[in-house]
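Next come two complexes, and both contain chain A; in the first it sits with chain B, in the second with chain C.
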Partner chain A sequence: MALHGGNVKQKRRERIDRGIKVRSDDIFALTSYREFLYVSVPPVAPVILLLALPLILPLYWQKVLITTAVFAILALSWDFLVTVGMVSLGQALFFGIGAYLAGYFDLRFAMPIWTTLPLAALVGGLLSALLLLPVLRLRGVYFSMVTLVLPLMFERTIEATGWLGGTEGLTGLKSFPNIWIESYLIIIALLLVFFGFRRLVTTDYGLVLKAIKNNDRAVMSGGINIYWMKAQAVFITGAIGAFCGAFMTHVYMFVGMPVFALDYSILPLASAVVGGMGSFAGSLLGAFILVPLSEALRGIGGLRTVIYALSLVIFIVAIPEGIFHYVQRKYQQFERWAAVEN
Partner chain B sequence: MLEVTIIYGFINSIILALIALGFSLTFGISGVSNFSYGAMYIMAGYAVWIMINLLGLPFALAAILSVILTALFGLALYRFVLLRVRGMVISEVIATFGVGLAILELFRYLGFTGFEYTLPVFTDGSVMIGDTYIDHQRLWIVGVGISLAIGLYLFTRYTKTGLAFRGIAQDEKTALSLGINSDRVAGLSVAFGSGLAAIAAILILPRGTISVNEGYDVLINAMAVCIIGGLGSTVGVIVASFMIGYAQMITDAFSGPHWKMIVSLVAILIILLVKPSGLFGKQKELEERI
Partner chain C sequence: MSETTGKKTGELLLKVRGLSKNFGGVRAVIGVDFDLHQGELLGLIGPNGSGKTTLVNLITGFVKPTDGRVEYRGKNITGLMPYKIARLGIARTFQMAKPFADLPAYKNIVIPLYSPRVRGLSGGRYGDRDSVAKDLLEDVGFERDSSVTFKAAGSLPHGYLKRLELAKCLALRADLIILDELFSGLSIAELASIVPIIEKMMMEGKTIIMIEHRLRELFRIADRVIVLNFGQIIANGKPTEVMESDEVKHAYLGTED
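Moving on to the complex of A and B:
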């Protein structure tokens, strides 16, 4: 009836780019302050906000901001791996390796913080890439499986053998001089990682990485060694994750088995999925929604993980685009009902 | 000493095979890697415990009901979650992982930890083989494990559903063109895998207390066995189980229990280096290797 009856006027929803987007995006002829603000507010406002937040927040929430920034960086690095077509279920692997390396360097060689941080990132990235090298030759679920298994096994191994302090962990590590250096170090790192990744995926190098996800055989037939490219991507992610781990080690002045806990794998993943995969901005947004929320929900304890896990399932099945892409669409396009022409 | 290692290594291998069988079956047939497998194992265990201790059902009835319920849960998981993201590996992995995590952490939150959470053994007592004592439950595990493997072999070769399973495992589109409803069969395969997880749980859990962390261990062991044997290959699962099972027992006997965990870790890394698709991963080798 609805399909063939001539009387019923059928409508469909139509999405059209806003005029201001077209003028500022394609033609790039900015003619008013309004257009200038339309283009510049989305990238600039978060930067100003991030830089100003440590100044206005009370001490407790400043600590939360630091944790949020760490999870945001982990979520960004997770998103980067997905861009290359690898789903990691264990960002805790990279995080934990970096955390233990920093602790080990600090205790064993009494290195200053400004040496342990870059060294842990570098060695952590190399170690992660070496560990995951065998699995890069396979596509499909193998990468997820191995990244899920490795951190849990490391945790059990450290518990059983008592290496690296065993269940006690390594204590008495150096801390940052004050909380300002802590906050601004991690915020600047976050901004660097965020804009770095945004830039990286638009370069030729990033194009090849994205192509590996879409059609790896085509990239191979283009004469590019995809194992080498994938190994580089894992190194980048591993180094960034290890930096986060090393940073948190010095914030807590302690490193122990919890660094391999599932929290460090599931929260970045949930942030990226809830915020929206593939754009980096989504991961950032997701982390800044989920981590403070989890602080506010501290009272319900273990139920938080259940909520993350369920939101993960709901978003991936029902709203796979995530929050960011929805907001972006509203910002750039308007919708209207248009008559269907028969 | 040697005798103990041989006998308990054999039992350990059968346990690993039982754990991995369901995971491997689901993946081999529908290509869905069920990351909520460990959660289903634990859920079945708690379901039996609840039915016995809170509802007062007899053990046999509780065990059968729990297997059926877990299988139905697997079917529902396929129908309401996996069906919508089928074929998109990233989404499949994240969705099943999320479901599993939600179940396990919910049990942890509800306080299902402690020594009172144990399942009864099938029959009490023990027998002597040579100089080694073996309790009846371990014999049950061996017996049921072997008959399940044989039963599955016969099922996939001599029944219509079993043949449909193998059909969509080999080529889903061809199977579809021959009138096999691939969505229905894939849903059944997830249900079968979940049911096998429940059977494994009811057999194995009486050896100790039920704990949430065991859910993660089961998933790790199942994946380790499947990666080494080759994803989706039943022969691979059995061979890999015996390899890891005996390797674990031998390391246990000669260098202490600490190193048991490292055995499967090292085995995974070596296999991925030497033969990336696993020992018997022939069927999907061309698709997986790049």
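Moving on to the complex of A and C:
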């Protein structure tokens, strides 16, 4: 048997950086078109594509694009919270709070959209941080449980008390002037959140956040108040989620109990897992695969959820590292069989 | 923030009175009293499970005491949050050196440099802390700009992890440094290179508490030793005196009866 040497030579897969990757890491990237394109296309092409998409897509898919962008932002903010070591099962909390705040500000104070959006984000972020303040000390699954339950609690409270329109929801809210403003507002927001997070995690501030996930006791003995840092991270996530909710309120010109639905919690999480966690690019990619896929499956009726769930499982089993990390690896490295030296 | 400037003032730094901790029915630390003066190196020894680490956790706020009082520079710090105690200038290492594994070694030092205690001192601009961090790593024996400085901390050899822990304490500009089993798992050669770092810290006027099992090395540098057994202090004095005590011999070696 191969186990003990014998005649059969043992082999293993070996991963090696592609030549162009090595060359373009260096100054040569500026002297050759090929290498210049190799390093510049991956970050630039998706941005151009995103900005061009509303111009290309038919109206129905343009609306899907808007929903996709919203889920992508939620997925990014979920991924950010994970970098700090907090696994949220309740992005719907942030989304729902923002959605209802925008509706309330609109109806109660007749605020214009350009006021309700930032205000809902700000107040939504603060409320989220305040709500989760008592559980920031909890680690792991305990934190997740609370985030899972809170949006459901809000939903039932609104249903039972009839506050904020009860089961009817709030209707007759202001809409955006046209779909172009809608599309580009959310795409630009998406790009800002994406590049903002990418930048943030490389600063010293982001470093401290990452270290909390790594070893929170050591961060505390470094004289840093980790609960305050965590509260800030929840505020950032909450504000971004609330912005998404407020945005969708004005897209639908309506806000009702479904904003606290499980979809808004699970889909962002699924996007990040399928796309690949910890890079932000993965969450973005995941959302742009899962949400359109779910839309495309609408035609087949009853079995939609089954096929959707099945494709999720296939993605996760086949590419557990996430699609983004897989593609990135293939882009930078090639594999070959190499003999094992004993 | 009063930074000590290398002189032994002999000021009373830490005053522990009647400190006790029960975990359920287990009495881990029972009525511990001791004083620590600025510039001292205090060894904290005792058999496994004698309450050494719990005592350190009580002083640094990671565990809330059941009873008793801890004063640092005359200020009551009993039951304060760990980060508040760290900001007063008490740094510690952990028995299991768990670095921020994903971060490069020097970025590990950026974390304490970010604390409000020293944030202003290391410059606030992006990258400023990196160079301060690299300086500190050099102080504890990382070769300047060598690859270990940039390696992910999770893949560092054991000896370097211990140095990293020391650098974290230095980064905080702590006056009192508590080292939990720093010497454990180090080879003689690694010890020979890490002891001078501690001696240098002493010269700079730092006050140090060392939990140690490697008594021979400890006794060479310690000014005073406290022996714990079943959560109580059974001896407190110069290393040579302490080891003469029958009670200590009994705790460590057992007696024939």
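Criterion: the second predicted complex is superposed on the first by the 313 of 342 C-alpha atoms of A that agree within 3 Å, B and C clash if a C-alpha of one lies under 4 Å from a C-alpha of the other, contacts with A are read in each partner's own complex, and residues count from 1 in each chain.
Operating definition for what follows: contacts are C-beta pairs under 8 Å (C-beta built on N, C-alpha and C of every residue); 3 or more make two chains touch, one makes a residue touch a chain.
Since this is a predicted model, take the numbers as computed values, not measurements.
Participant: Comparing chain B against chain C, which has contacts with more of the residues in chain A?
Facilitator: After superposition, B is the partner touching more of chain A.
Participant: Just checking: does A:K210 make contact with chain B only, chain C only, both, or neither of them? Give me first, second, both or neither.
Facilitator: second
Participant: Could you look at A:L269 and tell me whether it touches chain B, chain C, both or neither (first, second, both, neither)?
Facilitator: Touch status of A:L269: first partner only.
Participant: First (chain B), second (chain C), both or neither: which does A:I323 touch?
Facilitator: Neither partner.
Participant: After superposition on the shared chain, which partner residues are touched by A:S221: those of chain B (first), chain C (second), both, or neither?
Facilitator: In the superposition, A:S221 touches chain C alone.
Participant: Check whether A:V313 is in contact with chain B, with chain C, with both or with neither, and answer first, second, both or neither.
Facilitator: Once the two structures are laid over each other on A, A:V313 reaches chain B alone.
Participant: So, A:L51: does it touch chain B (first), chain C (second), both, or neither?
Facilitator: Touch status of A:L51: no partner.
Participant: Find the residues of chain A that appear in the contact set with chain B and again in the contact set with chain C.
Facilitator: 217, 220, 226
Participant: Along chain A, where are the residues that touch chain B in the complex?
Facilitator: Counting only chain A, the residues touching chain B are 82, 87, 89, 131, 134-135, 137-142, 144-146, 148-150, 152-153, 156-157, 160-161, 216-217, 220, 226, 262, 266, 269, 273, 301-303, 305-306, 308-310, 312-313, 316-317, 320.
Participant: Give every residue of chain C touching chain A within the complex, in rising order.
Facilitator: Residues in contact with chain A: 60, 62, 81-84, 86-87, 91-92, 94, 98-103, 107-108, 110-118, 126, 129, 168, 171-172.
Participant: In their complex, what parts of chain B are in touch with chain A?
Facilitator: So the residues of chain B in touch with chain A come to 27, 33, 35, 81, 84-85, 89-95, 97-102, 105-106, 108-109, 216, 219-220, 223-224, 227, 231, 257-262, 264-265, 268-269, 272-273, 276-277, 287-290.
Participant: Show me the residue ranges of chain A that touch chain C in the complex, using the header's touch definition.
Facilitator: Counting only chain A, the residues touching chain C are 203-205, 207-208, 210-211, 214-215, 217-226.
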